[in-house]
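Both complexes below contain chain A, partnered by chain B and then by chain C.
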Partner chain A sequence: MALLDRSEWYDIARATQWTFQYVPEEEIFPEGHSGSEGISNEVWSTYDEPYKVTYREYVDVQRQKDSGVYSVKAALDRLDMYAKADPGWISILKLHYGAVSTVEYAAALQESRYVRWSKAPGMRNMATFGMLDEIRHAQAQLFFAHEYVSKDRQFDWSHESMKTQNWGVLAARHFFDDMLMSRDATSTAIMANFAFETGFTNLQFIGLASDASNAGDFTFAKLIQSIQSDEARHAQLGTPLLQILIENGQKDRAQRLIDIALWRSWKIFTILTGIPMDYYVPLEHRESSFKEFMEEWIIDQFARSLNELGLDKPWYWDILIRDLSEHHHGQQLGTWSWRPTLWWSPAAGVSPEERDWLEEKYPGWNKTFGKCWDVLTENLKNGHVEKTIPGTLPVICNMSNLPIVGTPFTHLKDHPWEYGGRLYHFGSEVDRWIFQQDPERYSQHKSLIDRFLSGDIEPADLGGVLAYMGIGVLSEGGGDAHDYSWVDKYRSIEAKVS
Partner chain B sequence: MTEAVIDLSPLKTWSHLAKQRRKPSEYEIVSTNLHWHTGSSQPFDVDPEGFMNTWYREYRDNSPVTHPDWDSFRDPDEIVYRSYNMMQDGSETYVDGLLDQFSEEGHDSGLSASWLTTLQELYTPGRYLLHGAQMASGYLVHMAPASTISNCAAFQSADCLRWVSRVAYRTRELAIAHPELGYGETERQMWEQLRAWQGYRELTERALACRDWAESFIAVNVVLKPTIDECYWRAFEVSARRAGDSLCALLTEAALRDSERSRRWTVALTRMMLNEPANVPIIKGWVQKWTPLSDAAIQAYSKSLPDNPGAAEAAVERVRAFHQEIGI
Partner chain C sequence: MALFPITSNFEGDFVLKLVPVDDENTMAEVAEAAAVHSINLHVAEQPGKIIRARRAGESEPFPLEVKLKDSGLMPTECVDFYYE
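And now, the complex of A and B:
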């Protein structure tokens, strides 16, 4: 072949910066979109993406990747995994597709903002591929989820969720709108590509893929592994950007953006990944605990990336480490209890054997979270299902929009702050700190509880709240994934003892 | 009073597609109604009066061009991600074949000195023009009010990168064959200083600065891209053939296949806009506003094209014909 090697012409394709003659530069790159202030165009043109790919290579490789994923799906559809799967696994699929599919589409819009607004020509080209990647992820996950709509109406949330006012969606939208959709291109790439994608997508797309394979859902495993291979490439968009900021006196800005994004990502992933990994995945198929994955990918690897760039660990590192053994357990108690508000049926994940596993992975679990489950289990054993469903609404954090939780009996508190004559509630000092960085940005947002109390939800009763959240409108709400069959194990133990 | 009972039994497709009473295509399943930040006075849930919410309210939601249901737009080609890659991988394999064969034949060493100058002045600097279209298409992706429009714009932006890349590739090949001429080093200077490029440069810069999403679509898809097609590609191709540069001509034909696809959805979306009577004077006004920049770009560029008398008139005529096809 007499074709040129990529390295011979690649730099020419990203030498696309010119001096504007007919329109002022600030009209072509408004600061609110580009976030490039204080750094010269010459410096932006030095942006050097670590992972290089050309259009020609891209369409070839991606065609092959899709061929692999869709052919596995076609081959395995006949095996009807769905009919044989554990109900906990089906719940993972409903939660995942509902939470992820159309958010991936929003990420395509996020990448397209770099195509237009980044002052770094190399980044504009890489983001063009990133934009296509995210369209891929949205389309593939919608296509795969669509297979299940005829089996269960709750899969309709894969397409509709983000348009609803479900409490989980309010939390997700507040997070993604803050991080992906409403900041300038430079800040967004640091928060979304560096802080979020290099760390957290590994959890969902690699960690969960192991569990999926173990559980026999090879279609899902293949799909999300393939997605992660794209993420691993375009996540690298943020790193050269960070280097430019640090070398040009904007280290503090970079650090603050990372500190905000990492914490906010952590909170949302406790629901999306933490709960499924430690409670929904059938015990025999679990690869590692959520905490172990977090320790590998965030506490070790992400911290190492920060160090290599000359950045610091976020100031709240100790709080994060404590939270690894706490937050998602609290959210599991909450989501399972308020199961009628979900578009999936949560698995309790607290059969005797599962509790042994939880105690092994999280020493002390039985004495804290376990005691709450003792009460719930006791009520179920006695046939009082109604006593396991709260009749009131929880206190919700005005940053994460998740219920304020902690470790029962040891650590559970609100971190309030008054601003503009209104009292705000926060699940941690970090959530409050994020709010304080830019109160105007967050102060007008209403949590589900704020909406309820201010009369936005009518009728102001349980039925009204459920309908407001799309429950009974888009689909039925959730129940216990295993229809409480796990309680029988406790009854058997009791029968043997007596 | 009886309460309406909502039937929540499983449907055969997404609830929003279930009404159409036929099996949805893969395109419909994966492309329709995906934007979740439309339809509210506050597109994003944070910073209600901040820069981004204000921008979207002003330049998307309050566009003078309106439609009751932007989500009803459909790409006539119904391209999805995986079909895009299959199609473009095939097209790129063809282009690789061309480049390989012409390289084997020593094509570049046989080009005349005067044609090499023309390539250096009027062809290789085109990557700036194409990159401008790539960026402007990226704007439409995040500003369009329907995902089916955003997707078309995304594939169009990627197509532009394709040709930025191929022009860069040719630039390097020509630099290797003729190292003394400065290929790969002079393009920015040509783009910024050569009179032939200034019309294109002005049109590109102004299209990039255009904020209203619908006007941006008209400026980019109805004016800028056809102006690139009819002059930078097609008029140049005529000169290339006459100069014996068959490779350039064949590459151009491949580029124009992408443009034809772009035009199909451009026609569909513009007609959708024109179907609303209130939009007609606005669209026509924008086309009138932007077309003189197109004419000027074509005139300035064509003057320098060798062996191609009447190139400017023909290109202007073809852009006009496209506008007539749309109904403007």
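And now, the complex of A and C:
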């Protein structure tokens, strides 16, 4: 039997805007779940997804994608990339899989909420495919990471991380719960699909794929390129939604949601992408600096998307531009210094040649962040590893849940705010502004420091904190990725001089 | 005698640090406690100089002999430490 051409039946199949007779519409699409904001069904039915696909086509293409990824893995496993890879690259894999794999399942739930609650029929249809995408991403990344568990127990965090109270996980969960899991379908699609996916997943899945290929990890490169091909499709869910909101007087709401999501995404990606790109990727394999990728994907492309929709750049644009050269360098110093709290072993990335590269890409680095590394390096040269690990905890931002870092001598400060008798601490005025948009939404959450000070962590010492975070329980914590071998280069230079 | 945590912003450091001290400590003792977590770890020592403390953002330091409980600071409030 001949199949009808897609164009002959597609619009009929997706137009599921039924007239309900037995149940009030408000009970089927509660406002808190759908976020339709009084926009009529007639308007929602005009939602026109830019990417149209049928289930038959979808399954065929996805099967081909999976075949490609899994066959590359099978072929390259024989080459044993793992044994030959730079330890910094292995750390990238541990960080990535631990931070991303099970969040993909959360993203499947996110998309499923559009399937059920969105009032736009076209969006419900496309989100069904988005939901299946995210399940594929979770399963693939868990499978690929599982291969490495027998080689190193820290890969177990790929499956377990989100069940722990590790500080990095607290930060990721606070972010993803806020953006993916707890808002209505309309708000979530703007924040997650438009701001997060069109902006930031490019960084991780395209930027890092280039580095992976250069580093010889073609399996990981193929995997994340395959994932990004799905992201590029379902990320487009948000754009027609924004057009409807803007045309119906909801521009301010859309702008506020984008402003919140873009900043929160930026902060978490300084850890997930910024640090690996500028410090863990072996120097000879680096494609571009993190700042250069940010300028291409966010500062140019994302800003152009905003402009095309008639939206504005976020009010904090100048702060973001300055932060591109600064924030992740502080987080690198922090993660490396508190390396026993991590599920991966961070590369320091500050050998003499690497410092030259950092100074070239970030002029002024040596006079600021470099000064802190000078002290750490001096202690290591003298054999005092113990003097490179802090004896206290960093103060944590009550929005990003990351340590409050800044540029030494210039931009390090607390941005406090007292609310309900409690003193909150923020890493920037933007983090504080987000909290102030809806204090009741955020005020009950406790940062790791709040938990430590209120007696939730026992014994209240560093050993107790590590166990609370799953270190020594799931796996051992991190050390220096290269076991401090980079310090020998400084010893050699010193020997030549003397 | 009561635990009184403060947030330390030590000049030259890259991160704010939690410093547990006692409300009976003088600001000189508080500065000494903050220094333990920054000097020779992330910040180079400056021999011969003393460390002063001031409420974050203010220009005048606390007198060295003022006790923490009389400083007007709230628990976890940020204090700037710097060499003088």
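Going forward, the second predicted complex is superposed on the first by the 493 of 498 C-alpha atoms of A that agree within 3 Å, B and C clash if a C-alpha of one lies under 4 Å from a C-alpha of the other, contacts with A are read in each partner's own complex, and residues count from 1 in each chain.
We adopt the following convention: a contact is a pair of C-beta atoms (placed from the backbone, for glycine too) under 8 Å apart; a residue touches a chain by one contact, two chains touch by 3 or more.
Computed from a predicted model, the values in this text were never measured in an experiment.
Asks: If you count the residues of chain A that each partner touches, which comes out higher, chain B or chain C?
Replies: Answer, by number of touched residues of chain A: B.
Asks: In the overlay, answer first, second, both or neither for which of chain B and chain C A:S337 touches.
Replies: The second partner, chain C, only.
Asks: Looking at the overlay, does A:L462 come into contact with chain B only (first), chain C only (second), both, or neither?
Replies: A:L462: touches no partner chain.
Asks: Which partner does A:V53 reach: the first (chain B), the second (chain C), both, or neither?
Replies: In the superposition, A:V53 touches no partner, neither chain B nor chain C.
Asks: Would you check which partner chain A:E440 touches, where first means chain B only, second means chain C only, and both and neither mean what they say?
Replies: Only chain B; A:E440 stays clear of chain C.
Asks: Quick one: classify A:W9 as touching chain B (first), chain C (second), both or neither.
Replies: It touches chain B, and chain C stays clear.
Asks: Quick check on the superposed pair: does A:I449 touch chain B, chain C, both, or neither? Answer first, second, both or neither.
Replies: In the superposed model, A:I449 contacts chain C only, not chain B.
Asks: A:L412 contacts which: chain B (first), chain C (second), both, neither?
Replies: It touches chain C, and chain B stays clear.
Asks: Please indicate which partner A:I246 is in contact with in the superposed arrangement: first for chain B, second for chain C, both, or neither.
Replies: In the superposition, A:I246 contacts neither chain B nor chain C.
Asks: Which part of chain A faces chain B closely enough to touch in the complex?
Replies: 1-4, 8-10, 12-13, 15-23, 27-28, 32-33, 54-56, 59-60, 62-63, 66, 70, 102, 105-106, 108-110, 112-116, 121, 124-125, 127-129, 131-132, 135-136, 138-140, 142-143, 146, 149-153, 156, 159-160, 162-163, 170, 173-174, 177-178, 181-184, 438, 440-442, 444-445, 472-476
Asks: Can you list the residues on chain B that touch chain A in the complex?
Replies: Those residues of chain B that touch chain A are 6, 8-16, 26, 29-31, 33-37, 43-48, 50-53, 55, 80-82, 84-86, 88-89, 92, 95-96, 99-100, 103-104, 127-128, 131, 134-139, 141-142, 147, 150-151, 153-154, 157-158, 161-162, 164-165, 168-169, 171-173, 176, 184, 187-188, 191-192, 198, 201-202, 205-206, 208-209.
Asks: Help me check something: in the complex, which residues belonging to chain A touch chain C?
Replies: Those in contact with chain C are residues 329-330, 333-334, 337, 369, 371-372, 374-376, 379, 387-388, 390-395, 403-409, 412-414, 416, 423, 425, 449, 452-453.
Asks: Across the complex, what residues on chain C touch chain A?
Replies: 5, 7, 9, 11-20, 36-37, 40-44, 56-57, 74-78
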